[in-house]
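By written order: A, B, C and D. Residues from 1 in each chain.
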Amino acid sequence: MLLNLDDYRRAARRQLPRVIFDFIDGGADAEDCVRRNIEDLGKVTLLPRQLRDVSSVDTSVSLFGHSWKSPVALAPTGFNGLLRPGADIVLARAADQMGTPFILSTASNVPLEQIARQANGIRWLQLYIMGGRRIAEQLIRRARNLDYSALVLTVDVAVGGHRERDVRNGMTMPFKPSLRTMLDFGLHPSWALRFMGKGPPKFANLEDPDQGSHSAELAVALGNRQMDRSMAWDNLAWLREHWDGPLLLKGILHPDDARRAVGEGVDGLIVSNHGGRQLDVVPSTIQALPGVLDAVAKAIPVLVDGGFRRGGDIAKALAMGAKAVLVGRPALWGLAVAGEAGVRNVLETFNEELSRTMALLGATQVEELSANYLNNIQK
Amino acid sequence: MLLNLDDYRRAARRQLPRVIFDFIDGGADAEDCVRRNIEDLGKVTLLPRQLRDVSSVDTSVSLFGHSWKSPVALAPTGFNGLLRPGADIVLARAADQMGTPFILSTASNVPLEQIARQANGIRWLQLYIMGGRRIAEQLIRRARNLDYSALVLTVDVAVGGHRERDVRNGMTMPFKPSLRTMLDFGLHPSWALRFMGKGPPKFANLEDPDQGSHSAELAVALGNRQMDRSMAWDNLAWLREHWDGPLLLKGILHPDDARRAVGEGVDGLIVSNHGGRQLDVVPSTIQALPGVLDAVAKAIPVLVDGGFRRGGDIAKALAMGAKAVLVGRPALWGLAVAGEAGVRNVLETFNEELSRTMALLGATQVEELSANYLNNIQK
Amino acid sequence: MLLNLDDYRRAARRQLPRVIFDFIDGGADAEDCVRRNIEDLGKVTLLPRQLRDVSSVDTSVSLFGHSWKSPVALAPTGFNGLLRPGADIVLARAADQMGTPFILSTASNVPLEQIARQANGIRWLQLYIMGGRRIAEQLIRRARNLDYSALVLTVDVAVGGHRERDVRNGMTMPFKPSLRTMLDFGLHPSWALRFMGKGPPKFANLEDPDQGSHSAELAVALGNRQMDRSMAWDNLAWLREHWDGPLLLKGILHPDDARRAVGEGVDGLIVSNHGGRQLDVVPSTIQALPGVLDAVAKAIPVLVDGGFRRGGDIAKALAMGAKAVLVGRPALWGLAVAGEAGVRNVLETFNEELSRTMALLGATQVEELSANYLNNIQK
Amino acid sequence: MLLNLDDYRRAARRQLPRVIFDFIDGGADAEDCVRRNIEDLGKVTLLPRQLRDVSSVDTSVSLFGHSWKSPVALAPTGFNGLLRPGADIVLARAADQMGTPFILSTASNVPLEQIARQANGIRWLQLYIMGGRRIAEQLIRRARNLDYSALVLTVDVAVGGHRERDVRNGMTMPFKPSLRTMLDFGLHPSWALRFMGKGPPKFANLEDPDQGSHSAELAVALGNRQMDRSMAWDNLAWLREHWDGPLLLKGILHPDDARRAVGEGVDGLIVSNHGGRQLDVVPSTIQALPGVLDAVAKAIPVLVDGGFRRGGDIAKALAMGAKAVLVGRPALWGLAVAGEAGVRNVLETFNEELSRTMALLGATQVEELSANYLNNIQK
């Protein structure tokens, strides 16, 4: 019975070949950070307010010019095509139906144009800088023309994190499946049959839509997360020349970086440790969140991701001062288990849990979740 | 050998079909709060005072106009009829014999009148507000006429908590037993035979004693804990019109709510998280207790429940400043294991442990348990 | 290989029938306090001082008018005769040979006189007050006449702790062995054969040496630890009438009690929770120690027991300010495993570990162990 | 697949007879300190700085007059010849190739001269004081003549730590293998065959190169770590007479000792607890480090060892203020698994992880790792 996100994780583990499940599930190095994200969220507690009229609870928020049905967005995840062909479209459509923003990854396997045609919801573009500025400029231009409404620059990928599970599984670019992996594929026919007659997923957005050219080296670089290591604060001005819409930085953990971002005119921050997939020695995002909020919460919206598995987790982050939460792995589990309906169910589970939590906290609007709910005694 | 409450829990697990045991044992969502209640109590320690004459230890307290043999009351628990027919009567009689208040739940399966006829002890009524004010007004009127001496309004049930064990077990209203559940019933004949020739337990107090009518929808609503979500502080005035005896609020965790309650003329508070069955993100009650006590302990008595499994646990809460403790699950374990004698034994175990703890702490009266016993070093 | 005290514990568990091992090993209620004693000692750490000449390390201390070879005394333990006939003599002789004080329990199975005849070391008498003052007065008079050099009044036994293992095992007074217990005796012939032709151990000190009379009820009371519950501070004056030597109180945890003791002219304190065998809600002794030391360390020596299993543990207590440590269970494990040699080996293990620890801490005298060694960072 | 140091440890456990693996792996007494070193490192977290140009990351440092390719040195480890004949040479050559200092132990099995002939890298000599000053003076003179560039005096060995695994395994001097050990040797032929036709490893540096004499008693003393217990601060002056190069003390944990060392003209400190092999009650080195740094970081370089298993661990120590890290066990695991290439791979793994961590932290030079990266919230 798929009652909660852990149920979905277990079900996804059964549905997917191990190499694919591990690609989603794993983290960098010893995976301490993956564990910290989950464990530290469990330590936060909230004190409810009773005897308030909660006849109607409204989880909607208004952020960056759009109304969201709930303070949740789909985190950008790359290489979704490994789960099933056209996975990015499925995610975008499910997000659309749930009133949830969809953030298309630079490393998606479906081009921006196709997403724009097939899903009408709130669409953002996540940007990796790699292979020279021209690619980024093209991506931004396409996103602008297709009404992608915000740009998310991921800033915690100067080099690729060392995901040992992927190395052990041969899950590198180019992909080198072992005999064991091929057998594992065979043992998951429901996954494998979807790929019948189809090639492996490609990084569709690296193709220049004008010229139709595709750079194989670029794809390998993106797959191995070999980004532009020289990307620095100064380069934001260049980005701004090409993008005048909302610009968010994803991967900020240090309060000084948060202040700098505000100084540079950034419109929003996503406190993130890349789900523990990049740098293992960093704190959980829920632990880093207060520092960032203290620094910039009055200036710009701060979002957060990393280890959110319950609606109650979301309420915790909101009470601390975050404006919304991004969820990555849970949506992919939903996708693996039941496609579009699975993603919708995952988002619905989050929303139901959040709505129930809000009612029991005595909050009818997301904005009511504030520091008054924080259990100070535990500090 | 049934030496302590954990023994009773294990024995009850053997006696009851799993669906019934889980209904008692489970909590909301991930059951973090259930664990917190137990674990946090374990962390509190007390420093004993030696060389005091403890020839006679008196555990009795005087609260809300009655003398209790010990600072323990039976927590209101709904749907007790699932354990055996007439369970509420058994609990009330055992409480009576032990000098312990019995708090009848709105969701009891025996009407107020029958309890009043069969048990002469301290009787309180726990009130859920649902299905319109008329039902509550009738319940209060009946309680008043039957000398129920205090009213406990549960305030942490704006919506029902999500108890995943119950959903997995089909333990919802209406009850949908699976084949596995039916088999499980068959494997627990001592439980099942008690129900021979009897219908399933009904919410006896929803029947209007004047008209004898019974609303099936109301019963389903109560079973699924669909309460009046609009119940708010303002509505206390309405309650007061119908009830001029002691009024307690059960489910207060936030100091601001505690202060508001005093302002509204409430007579007592029960710091409770509904045994972890409603909102999973809240702190343990023993952790929330000091905040509430700091706010209102000088004004009104504060009681507490949640995870109390030893007489020593009770001593901890009393030393902190609570006036009494409510116990729920343990009484039901006693009931499941040995009926009325079982409940008495459970209460006796608590009392013996508390009495022994008091003697070894050097306290002969409950009032002597004070902050002087708290182990400050651990703070 | 018996390298450390845990080895001895495991060996003793194999040597003894379970009912006997559990009698030694168990604690009150949930045995939380037993665990706390061990765990909290493990959390204390010391910062060594290097490059000091430690050619000769001297573990001896001078306390209450005697020189001890090391800051360790044998804790008074009752009913030692369960381990083997004449166990008290074996313990006293081993202590004598190791230059360690032996504290004879009121509940010993060998009379004071016999101990005095067979062991020439430092002898103290531990006193329980029960069955009227006359018994205590006789015991004190005998101790004085036999050159017992200090009196230890145990103050944490107003009532007997509830040791659930003993109840489950039938290890109560009078002893009620189950069939399983009798079988267990048969499976431990090396233990059982020692009792061939001998009766069960008696509380030898309850016999009036003048009249030879023995009170069966008294023995049952002592076995069940039914002490004089009215024993209070005021009664110390009566004790002082009969005993003008060093008087120590064992079982003090509260700083206020420690101050009172100094005010009453007590000569020394033993911070103790009775090895977790009396009151389960109290802190570990190592956690309670600083409070007591802050209150009275300048006035009188403070000793401590509870969970000491390594020479390094002893060094921790001494660095905090304790003057010596009492060890109970470890000596009994040594006794069970190898009689007098076993007890000596246990004490030798403590001494070797302490001596090595002192050398590696850079301390050549016990007095050098001070707060300078405490790892403040951990506070 | 040997991706990280834990992989190497597991592989080494398979390669080596248990007595040898345990000799490397074990610690003193209960091995609490061994665990603390690892666990406490895991609790430290760092906040990364994003959007900095990290095109080139340089892990090199300049310390004590030499440039190191990374802030890592091979810790001095004694009796390496147990792993394979000539182990010290293998370690020295691997260190040389990796630009990492090699610290030859007094208890090495290859003489200083042979190391100097076969490895051209940065060479330090670790010094134990034992068997009279003449031996130390000879060692220092030889080291000076052979261009060993720094002297490391180990100060935490006043007596040998009690390594219970070694005692259980018969791993004492003289070596007393049990039948089980001999069988174990036979089951590890790849290890055993290397010793064919060779005698057991000798403490090669105890031989007087002038006289060729060898003292058997001295070897036993060194093997059992029976050092000069009278070595004290005053004796540093004598050392200085014979050595005017950089002098470091290894084993300092107390801030007062650190200050004294600076006062005595010591050139550097290594915060160390001997890998938990000497005194079990001391804190982890990462916990003791801040105290020492506060005391002397402005005066002299402070290095640290103990439990470093990841490049990220190294970054943590550097951010706190340490100048470099020593690694002992990991290098031996590499040696056991694959000889010289294994040691190089181990060092390469550390360097790659450190380099990646620095890039993701936004630091291009080791000097940039500072307190600004420390996650204050966690304090």
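Please note the rule applied: a residue touches a chain if its C-beta (ideal position, glycine included) is under 8 Å from a C-beta of that chain, and two chains touch if they have at least 3 such contacts.
Everything quoted here is computed from the prediction, not taken from an experiment.
> If you average the Cα atoms per chain, which one ends up farthest from chain B?
D
> Can you report the angle of the rotation that maps chain B onto chain C, using C-alpha atoms only, to the nearest 5 degrees?
C-alpha superposition angle, chain B on chain C: 90 degrees.
> Using Cα averages as centroids, what's the distance between chain C and chain D in whole Å?
43
> Chain A to chain C: how many Å between their CA centres?
Those two chain centres are 61 Å apart.
> At least two other chains touched by the same residue of chain A: list those residues.
Within chain A, no residue contacts more than one other chain.
> Considering only which chains touch which, label the overall pattern as line, ring, star, complete or other.
ring
> For a test of understanding, state which residues of chain C touch chain B in their complex under the given definition.
29-30, 32, 36, 155-156, 158-159, 161-162, 164, 167-168, 229-233, 235-236, 249, 251-257, 260, 278-283, 287-288, 290-291
> Using the touch definition from the top, list the residues of chain C that touch chain D in their complex.
Checking each residue of chain C against chain D gives 1, 3-4, 6, 42, 44-55, 310, 312, 315-316, 352-353, 356-357, 359-362, 372, 375-378.
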